[in-house]
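Right after this note come the structures.
Two complexes, one shared chain (chain A), two partners (chain B, chain C).
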Partner chain A sequence: MAKIGVFVCHCGENIASNVDTANLVRKVSEHPGVEVCAEYKYFCSDPGQETVKRAIRENGLTGVVVAACSPRMHETTFRKACAEAGLNPYMLEMANIREHCSWVHSDKEKATEKAIEITRSLVEKVKRNNNLKPISVPVTRRALVIGGGIAGIQAALDIAGAGREVILVEREPSIGGHMSQLSETFPTLDCSQCILTPRMVEAIQHPNIKVLTYSEVEEVDGYIGNFKAKIRKKSRYVDIDKCTGCGDCIQKCPVKKVPSEFECGLGNRTAIYTPFAQAVPNVPVIDTTRCTYFKNGKCKICQKTCQIENCIDFGMQDTFEEYEVGAIVVATGFQIQDTTLYGEYGYGRYKDVITGLSFERLASASGPTSGVIKRPSDGKEPETIVFIQCAGSRDPSKGVRYCSKICCMYTAKHAMLYAHKNHDGRSRIFYMDIRAAGKGYDEFTRRAIEEDGAEYLRGRVSKLYEENGKLIVRGVDSLLGKPVEIAADMVVLATAIVPQPDAREFAKRIGIGYDEYGFYNEAHMKLRPVETATAGIYLCGACQSPKDIPDSVAQASAAAAKVLGLFSREQLEREPVVASVSDATCAGCFGCVMACPYNAIDVRDINDRNGNLIKQVADVNPGLCQGCGTCVTFCRSNSIDLAGFTENQIFAEIMAL
Partner chain B sequence: MSESFEPKIVAFVCTYCTYAGADLAGTSRLKYAPNVRIVRLPCTGRISPMFILKALQKGADSVLVSGCHPGDCHFAAGNYHARRRWTVFRALLAFTGIPEERIRFSWVSAAEGAKFADLINEITEETKKLGPFTQYQELQKAIETQSSY
Partner chain C sequence: MGIQEQYRSEAAELLSSGEVKLVIGFGAGSTADRRRPLFARTPEESEKLVLDQNCIANLTTYLVAGGLLTDGKKVAVFLKPDGIRSLNILIAESQVKAEQVVIFGFAIENNEVTPLEGRSISDFAKLGEKLRTATPPPSVQEEAERLEAMGSSGRFEYWKEQFSKCIKCYACRQACPMCYCRRCIVDVNQPQWVSTSSHTLGNFEWNLVRAFHLAGRCAACGACDRACPVNIPLRLINYRMGKEVKEAFDYFAGESSDQNPVLASFRQDDPETFIL
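On to the complex of A and B.
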């Protein structure tokens, strides 16, 4: 005979002010099977939990319903209380009368009526709950880090430093990401490459890190502690183990005028190339769309030049590798918005309208102009540069409502670098607000204004056109309330940061969520910032939201800490919500096998004593089963059921509503 | 229909998206019609058409099935199964004479508290217009009278 205890929480005034709890207790007490029904101000408090425990012990309760907040809030709390009182923790149900009732309805009478029905229906469910045991699964203590920018490198180094293996996958030919393209970094103005390249080298030389460049994650299967990742190693046409990185092939390549992606098109590369001089690994790749051999079937000069036998192999194919990993860190980074969206700024039409990232390359000592700031059109040094901030960010009409966060700082940095390189130059900056929150950031922008003469104009630019070799920038100074017109030599757009173009598609492939823009969602904005909703997959860097280097690095270390926390255990305990098959009734149609998204159901033979096959039935692997219940609904003979959400339980719940 | 008719709506939702979305509506203190009763399931893939029929039989005037957006399913593909099942089930509904408007299929993510609130208000209004769902009871009565012959 079921003996159910119902505990109605007031949650201070949160529930009690909108639900007549006394009435709720009275009505529920009359429900068959309810042994005890009590109300209290805060059941989640220590004395509240004590009350629950005492009631379980004294009345020998067989099930508990706590009518309070969402199970997402306190289910664990009360399960623990049940367990401590000797009741199986899965004999608990939470009736959500706060989030789903008292907080959302203003009519007290109707809210009370609803609360009674919710509670009763869960009493009926809990009567049919079964004693369950958590499932233990082993943890593969190897991590997969996707993306080899500064965030991915940091996460990989931290995990590897703690003695765990890491697979670091990068789709470009070299690790380093966007940080390798930057000239100097705010707010210290130290050279980006100087601080980054030692990290890159450390990563590739680390005995615990396996770096796979020019590779992409094709598929991820499995679950926390037990993922399987399939990785495509794109063919470089150069043997990564044999190549010494001498660079002779690059020197001799006859195709020399390919706009370099790394230089934002301001410099050229060859068809066989490394993206930049400090590339890690320092092994070239062949761009088959540009290579004369791949286009015409003739050339192979690089192969003839190469001193190492069979190092350059034109017949190389993509290969696939599979890795078992226990945790995944996603650090896939960002792209900058397509600035041609802004017709009024003339990007793409005028050569001297460039993006902030291009300016980084112009200012970089290793860049196409060796650090001298020159106009892309005629190579002259500009005397006046106009910087346009929020060129894309905070503009709902262009689909970017958010602030890209780093532009205020890098624009101030650009103005400074320009002042340091060209003492007579003027930089005029159109801005909406200066957002310089961060350690040393506001001081930095003040320095740009006070010491390096950056002239800030609050307002937007409406039009930009070319006249007599100058770019005429028309805008408004909203503080003076007057239109302004500036004849500039160069215009730099602080372009919005946007997710990778394939961010959504990739999220679907590995099973994580993303927001309206395509940035990846954390499990909780404030309290779980590096976890995704998928257990075992973590986030860091600009794939989650626009971020500067310190934030990306901090988040990467946080993600690494989460991974290492997971790896500190050999076994994981997981919810026993899994499906199971009744051998007696299974007809062996195996519709469930098709329905299962996890390939968790196999065919099992049932043999008699002599080994003769009697029949074949479906068999659920509880380690792989994630408990979605799709198979249960699919089953024609009602032979599969899902622990915690059995047919019996759900029908009882519906009948009681 | 009399003004006082208060429909009963049974919502079958997945715990990862729509249940969390309804939680968000709560934490955001959005107000919506008190006519809905939520049944929490792990995934829309777990929602059997039998649940829907049972709810209608037991006096629900409308049923809502809601889960994660396509592509966002916590269980990778459960919501696709639910969607396909719904397509087939809809044809069956037409055959049995249960008006299709009694059943709503929707996607509400964990971030869409406002959408959940709006959806419930909308369904409540629509169901009020449709009036009480009595076909099942009438059928039951008819069977009882028949068997008394």
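On to the complex of A and C.
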């Protein structure tokens, strides 16, 4: 005979103000099978939990319903309390009368009625609960880090430093990401390459890190502790193990005028190339779309130049490697928005209207101009530069709604760098607000204004055109309420940070969520900022939201800490909420095998005693099953049931309403 | 030699050589213009096979009879294009192995029976494409359009009236080749999701469950419709579900045998109009 204890929580005023809890207790007490029914201000508190435990012991309860908040909040708390009182933790159900009731209704009488229904329905469910045991699964203590920018490198180094293996995958020929393109970094103005390259070298030399560049994650299967990742190693056409990085092939390559992606098109590269001088690994790749041999079938000068036998191999094919990993860190980064959508700024039409990232290359000592800021059109040093902030950000009509976060700071930095390199130059900055929250950030922007003469104009630019070799920038100074017109030599657009072009598609491939823009979703914005909703997959860097270097690095270390926490155990306890198939009724259509997002269902033969096949049925692997229930809803013959959410339980819940 | 004689002699050959263990075809029925299924296991029995314009049943239903194909031996079956569509679906759903079925294909047009080339399902790849673009029978299409013009409340009234006739005999289920479950959900009584008595609610539950279970799986052979003793126009429901699936997923059930079942499979570019 069922003896159910029901505990109605007030959640302070959260529930009690909108649900008549006394009435709820009275009604539920009368429900068949309810042995005890009590109310309390906070059942999640210590004395609250004690009440539950005492009631279990004193009344020999067979099941517990806590009518309170969402199970996402306190299911674990009360399961633990049940276990401590000697009851199987899976004999607990949470009746959500807060998120599903008191918070969303204003009519107290009706809300109370609904709370009674919800609670009764869970009482009926818990009567049919079964004792369940958690499933133990082994943890593969190796991590996959996707993306070799500063965030990915940091996460890989932290995990590797703690003694765990890391596979670091980067799709470009070199690790380093966007940070390797930057000149100096705010707020300290140290050279980006100088602080980044030691980390890149450390990563590739680390005995625990396997760096796979020019590689992409094709497929991820499995679940926390036990993922399988299939990685495509794109063919470089250069043997990474044989190449010494001498660079002779690059010197001799006859195709020299390929706009360099790394230099934002401001410089050129060859068809066989490394993206930049400090590339890690320092092994070139052949761009088959530009290579004369791949286009015309003749050339191979690089191969003839190469001193090492069979190092350059034009017949090289993509190869695939599979790795078993226990955790995944996604650090796939960002791209900058295409600014041609702003016709009024003339990007793409006027050569001297450039993006902030291009300016980084101009200001960079290793850049196409060796650090001298020159106009792309005629190579002259500009006397006046206009910077336009929020060229895409905070613009719901044309650009993106959000703030790209780093532009205020890098624009101030650009003005400073320009002042340091060209003492007579004038920087005029159109801005909407100056957002400089961060350690040393406001001081940095003040320094740009006070010491380096950056002239800030609050307002927007409406038009930009070329006249007598000058770029005429027309805008408004909204503080003076007057239109302004500036004749500039160069215009720098602080373009918005947007997700990678394939961010959505990639998220679907590995099974994580993304927001309306394509940035990856964290499990909880405040309390679980580096975890995704998929257990075992973590986030860091600008793939989650626009971020500067300090934030990306901090988040990378946080993600690494989460991974190491997971790796601190050899076994992982998993919820026993798994599906099982009835052999007798399974019709063997195997739609569930296809529908299962975790590849947890296989085909099993049923043979007679002589080994003759009688039939084939679906078979769920409980180690892989995540209890999502997709197969249950798909099965036409109703042959699959989910422990903890059985047909009988769900039916009883519905019929109690 | 007419097609009937040709298929008879071929069937006899297949049986006498042991190539197939069974030929499922048509035999004489209870009246001059009705045919009933004939199961020929010997060359002599195959002499009774009949093939004419009255052979309209979809014989794939008999392929999924429990245990028929587990011994791995071959079976020959007489199929019209809609039967070939059904066979494609059954192969895709692992109920039948393609290599186990020899097809005697035929088509009926203007009361004329013509043979279809090919004996194995792979010979009928082009047929799927043809059926995909074919227009449904005018009688079905006109009636479906009439219903669609009624609006949702009108349609609800229409189906309420139609379903009120249902006596839950499950003849539709028995006739349908896609209803191959050993135990139908309607027979589950722990818990009893579908009410078994023949009142309006139970009748609605049964017919809607069946409609959903056929979404993206119906070959439009009309067997359910013909089997219904109280003349519920079941093919109109299946027609509409087929249309929905085609519009949403560009999917035509039974077009080929290597199709992934539409509701079990997932594509990156599937429409997500239901997500707000």
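We adopt the following convention: the second predicted complex is superposed on the first by the 620 of 657 C-alpha atoms of A that agree within 3 Å, B and C clash if a C-alpha of one lies under 4 Å from a C-alpha of the other, contacts with A are read in each partner's own complex, and residues count from 1 in each chain.
Keep this in mind: a contact is a pair of C-beta atoms (placed from the backbone, for glycine too) under 8 Å apart; a residue touches a chain by one contact, two chains touch by 3 or more.
Just so we're clear, the structure is a prediction, and the values are computed from it rather than from any experiment.
Colleague: Between chain B and chain C, point out the one touching more chain A residues.
Modeller: B
Colleague: Would you sort A:615 into first (chain B), second (chain C), both or neither based on which partner it touches?
Modeller: In the superposed model, A:615 contacts chain C only, not chain B.
Colleague: After lining up the shared chain so the two structures overlap, which partner does A:587 touch, if you call chain B first and chain C second: first, second, both or neither?
Modeller: A:587 sits against chain C, while chain B stays out of touch.
Colleague: Of the two partner chains, chain B (first) and chain C (second), which one does A:595 touch, if any: first, second, both, or neither?
Modeller: It touches chain B and chain C both.
Colleague: If we overlay the two complexes on their shared chain A, which of chain B and chain C does A:41 touch? Say first, second, both or neither.
Modeller: Touch partners of A:41: none, neither chain B nor chain C.
Colleague: Kindly classify A:634 by the partners it touches after superposition: chain B alone (first), chain C alone (second), both, or neither?
Modeller: Touch status of A:634: both partners.
Colleague: Once chain A of both complexes is superposed, is A:99 in touch with chain B (first), chain C (second), both, or neither?
Modeller: A:99: touches chain B, not chain C.
Colleague: After lining up the shared chain so the two structures overlap, which partner does A:508 touch, if you call chain B first and chain C second: first, second, both or neither?
Modeller: It touches chain B and chain C both.
Colleague: Is A:651 in contact with chain B, with chain C, with both, or with neither (first, second, both, neither)?
Modeller: In the superposed model, A:651 contacts both chain B and chain C.
Colleague: Applying the touch criterion given at the start, work out whether A:458 contacts chain B, chain C, both or neither, answering first, second, both or neither.
Modeller: Neither partner.
Colleague: Just which bits of chain A does chain B share with chain C as contact spots?
Modeller: Comparing the two interfaces on chain A, one with chain B and one with chain C, the shared residues are 508, 595, 634, 647, 651.
Colleague: So in the complex, which bits of chain B are touching chain A?
Modeller: Where chain B meets chain A, its residues are 6, 8, 10, 16, 19-20, 22-23, 25-27, 29-34, 37-43, 45-48, 51, 54-55, 58, 60, 71-72, 74-78, 81, 85, 109-111, 117.
Colleague: State the interface residues of chain C toward chain A in the complex, per the touch definition above.
Modeller: Chain C residues touching chain A: 67, 70-71, 93-95, 180-185, 188, 190-191, 193, 213, 260-261, 263-266, 268.
Colleague: Any idea which chain A residues touch chain C in the complex?
Modeller: Interface residues on chain A, with respect to chain C: 505, 508, 584-585, 587-592, 594-595, 612-616, 634, 636-639, 647-648, 651-652.
Colleague: Tell me, which parts of chain A touch chain B in their complex?
Modeller: 70-72, 96, 98-101, 103-107, 110-111, 113-114, 117-118, 121, 504, 508, 511, 513, 515, 521, 533-534, 577, 595, 597-598, 626-630, 632-634, 642, 644-645, 647, 650-651, 653-655, 657
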